[in-house]
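These notes concern the structure reproduced below.
To keep things simple, chains are lettered A, B and C as they appear, and every chain counts its residues starting from 1.
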Amino acid sequence: MNKKSALWSISALVYAFLYVPLVIVVVYSFNDSRLNAEWVGFTLNWYRVLFNDEQMIGAAVNSLTIAVVSALAATALGTMAGIAIHRYKPKLLPFMVITPVAMPEILLGVSLLLFFIQVMNLTLGMLSIIIAHITFCIGFVAIVVRARLAGMDESIFEAARDLGATPWQTFKLVTFPLIMPGVIAGTLMSFTLSIDDFVITFFTVGVGVTTLPLQIYSMIKIAVTPEVNAVSTLLMLLTLTTIIVASKFAPDVLRGVAK
Amino acid sequence: MALLEIRNVTRRFGDLVAVDNVSFNIEAGEFFTLLGPSGCGKTTLLRMIAGFDLPDGGQILLDGKDLSGTPPEKRPIHTVFQSYALFPHMTVTGNVSFPLKMAGKTPDEIAVKVKEVLDLVHLSDKGGSFPHELSGGQKQRVALARGLVNRPRLLMLDEPLGALDAKLREEMQIELISLQRDVGITFVFVTHSQAEALALSHRIAVMNVGRIEQMDEPSKIYSFPVNRFVADFIGRINMLQAEVLEAVPDHLRIRIPGMGEVRAPAKIGAVRGQRGVLALRPEQVRIATKIDNVAGENRFPGKVHDFLYVGDITTYIVDLNNGARVEALLPNSAPGRAKFFETGDSVEVAWRQDAGLFLNE
Amino acid sequence: MSNFLTSARVTKWLVRGPPFLYLMLFFLLPSIIMVVASFRFPGDYGGLAPLFGAEPGKETGLTLETYQFFFSDFIYTQIFIKSFGVAMASTLVCLLMAYPLALLIARSPKKHRDFMVLLVILPFASNFLIRVYAWMIILGPQSAFSLAVNHLLGWFGIASVPLLFSPFAVLVGMVYVHLPFMVLPLYTNLEKHDPVLLDAAQDLGANAWNRFWKVTWPLSLPGVYSGSALVFIPVLGMFAIPDILGGTGDILIGNLIKDQFLGTRDWPFGSTLSIMLTIAVLMLAGITAVISRQGVRQ
């Protein structure tokens, strides 16, 4: 067996390793059995249960609301941060932008919990979650926008001003159209990250509010039924679509994230 | 009144003085070149004129008005950037109409002017193309068109021909000259290529470490460089170490070590014992197997050490019998002969006593 | 002062200001509070005791008590060590699995590469909990996989092993969730390798193994370090995976921290643990940065 086919077989195994578990989740969401053990028959029952589960629907609505608000705010702040880092090369800002992303999530979750209770005396709920989500999403948007700017010919912006454009016109007509793909990719990524977030939400959620991941978590811990599979499948579909669209806008997003 | 006045302009970056108390004027309608090696301050000066940098001292005046309070977008000065800086997300038409849009012109006016200028640079059919679809030379011309379209008072060109290959460069040089003449706009050209400066300019300012060494017409700079730097930077030149023996109103008597006494053109302010160089252009040095003894010439024997054949001319590097090395230029105009001399040939070189310049150390 | 300069400065603060202020308030400040909290006393009903002005008999102010408490019982240090061990093991397994894949993608024709990378990223798109839950199914005692494995062990005369709620399950979960983070930096690095180098090596007499070990591997080290950091650091702080897939004895630092904040409500101790985790992470990040810079210089 030569080197190339050895590589291929190991890679195939790794790809299988990545996908088989997810396929099993999806498949069993249609399984006519309470147990996730063996295949009994096809059914849409669990989806029906899902759509009648008020708590789950409430959690989904919360998740979507939080995700939309957080993504929009993080996009605005993150774009500003990305531009600022690229143009002014500040010392502190890059650190503050990247660290929430690089550090284990639990640290951000815990410190925000302390902050909200001790300092702000804030009742935990939707607002605290949104604030937390924005904090770690800013980093992603900033990285993507900055990467996009770094790949462009600097003199374009000077040329615009040289030819009569005010700083605002330069931004509107030259800078923004050119970073737009990165901004969109960043927004979509923030949306995905927010919908999926578990750890930070776990600490900043308080009582009376729940999000989709938290709901899934309690179902996993307390009573596992294939309803979890159903909601998982739908959630996967949503984030899959979002990521595919995002990757079309900025293929280099993936590499920027890896850095 | 001069179009642009640079008065005692200085710019420092920390300890480095990039532009050192520079003053000069640029007249309307001329093709003016800032020439110098990298780091001489020409680009810094250009950026200050365009408004992207502010002088630490001195003033820049356009039509008599101080520009220091005016941001770049309000100055009637445009720049053609070294990288062309075309907006990648706009077509050629979009790029060229940009300054007109910024100036608030109506769409009709814009269409007319854009067509006019695209015709001028021979790109009439490329209006709908995007920058990435164009060749280097075409991008260049779009950048030019964009800078000219709304008739600025001054167009600055920052090493615009640097990225083009040799043949294209020459073609563009000729186009630039006729363009400037037709349009009548004052060009300020920045380059490190002395050949380009000589070919294109009405006047050249030779810069070195933040100062202007000499400012004059090309022929004057070439024939009468004021110091060693300018002489060495422009064209090829022979520099023979010499000492003044006697200075009289109509000539100098100088001694060149290893060659003896030689007559040179007069120089104001030269004194006996002063050290310097005799600067001679290779085309001022005759070379032949044997040269007749002619009055008014300095003549020396030597051997050909090497030569540089470039097709139309050959520069011969001759070792003189008393140690000095001299370059002599010979056009290869005789039909059927590639060159006249081979390495090792014994030859004689001569130059007129009123040729060359004595320059200080 | 010309209006040109002031408008530039205004723009600068307009652009830098909002994100800076936001992160100052919601990232920097909370972090500082956490540092201070690690030096404070626990409150009566959980949370923190007030810093100043207290009733007699109650402790207030700052103290090193919580740090002393950490070192007083070896079990806490043990959990830290175990977490490091799990992180190390996860990183190694991820490396072994990711490297061949990254190599394959990097060597594939250009038009396939983006798609193959996308295939690696897509599972990452699914919710983190779903990915963990999937392994609950696979490793559950009733699953086909479990039965097969135990059947196999039975041939060797080994008793049935519960795969779920074990350190093994935690490891599998950690690897599964973090694998893409190892693949991407490796791929980004390997893609840049000039194939000419391998030709040159072969020309000079190197066989396949040597070509890999002496050319490809050293050049890929920056990617290896990036990827390792991207796996090691998050794994260190994870609590959900041990919580769902692990048994009662498998708790790691993350679980400990979570319990302090949401269970026993001993916030100072929780803060102390968080600070120690932060220090560990910062040291690791620092070491990674130093090593990769040295590697580049080679």
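By definition in this document, a residue touches a chain if its C-beta (ideal position, glycine included) is under 8 Å from a C-beta of that chain, and two chains touch if they have at least 3 such contacts.
Remember, it's a predicted structure, so these values are computed and weren't measured experimentally.
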{"item": "Greatest separation from subunit A - chain, by CA centre", "value": "B"}
{"item": "Which two chains share the largest set of C-beta contact pairs", "value": "A-C"}
{"item": "Distance from subunit C to subunit B - Cα centre to Cα centre, in angstrom", "value": "60"}
{"item": "Euclidean distance of C-alpha centroids - subunit A vs subunit C, Å", "value": "17"}
{"item": "Computed distance of Cα centres, subunit B from subunit A, in Å", "value": "57"}
{"item": "Residue list for subunit B, restricted to those that touch at least two other chains", "value": "51, 71"}
{"item": "Residues of subunit C engaged with two or more neighbouring chains", "value": "7"}
{"item": "Residues of subunit C that touch subunit A when the two form their complex", "value": "7-8, 11-12, 15-16, 18-20, 22-24, 26-31, 33-34, 37, 47-48, 97-98, 100-101, 103-105, 107, 114, 117-123, 125-131, 133-138, 140, 142-144, 176, 179, 181, 184-185, 187-188, 208, 226, 230, 233-234, 236-240, 243-244, 254, 257-258, 261-262, 267, 270-271, 274, 277-278, 281, 285"}
{"item": "Subunit B-facing residues of subunit A, complex", "value": "152-153, 155-156, 158-166, 169, 173-174, 177-178"}
{"item": "Sites on subunit B touched by subunit A in the complex", "value": "50-52, 71-74, 77-79, 81-83, 85-89, 98-99, 102-103, 146-147, 150"}
{"item": "Sites on subunit A touched by subunit C in the complex", "value": "3, 6-8, 10-11, 14-15, 17-19, 21-22, 24-25, 28, 35-38, 76-78, 80-81, 83-84, 87-88, 90, 92-93, 96-97, 99-100, 102-108, 110-115, 117-119, 131-132, 134-135, 138, 142, 167, 192, 195-196, 198-199, 202-203, 212-213, 216-217, 220-221, 224, 228, 232, 235-236, 239-240, 242-244, 247, 251, 254-255, 257-259"}
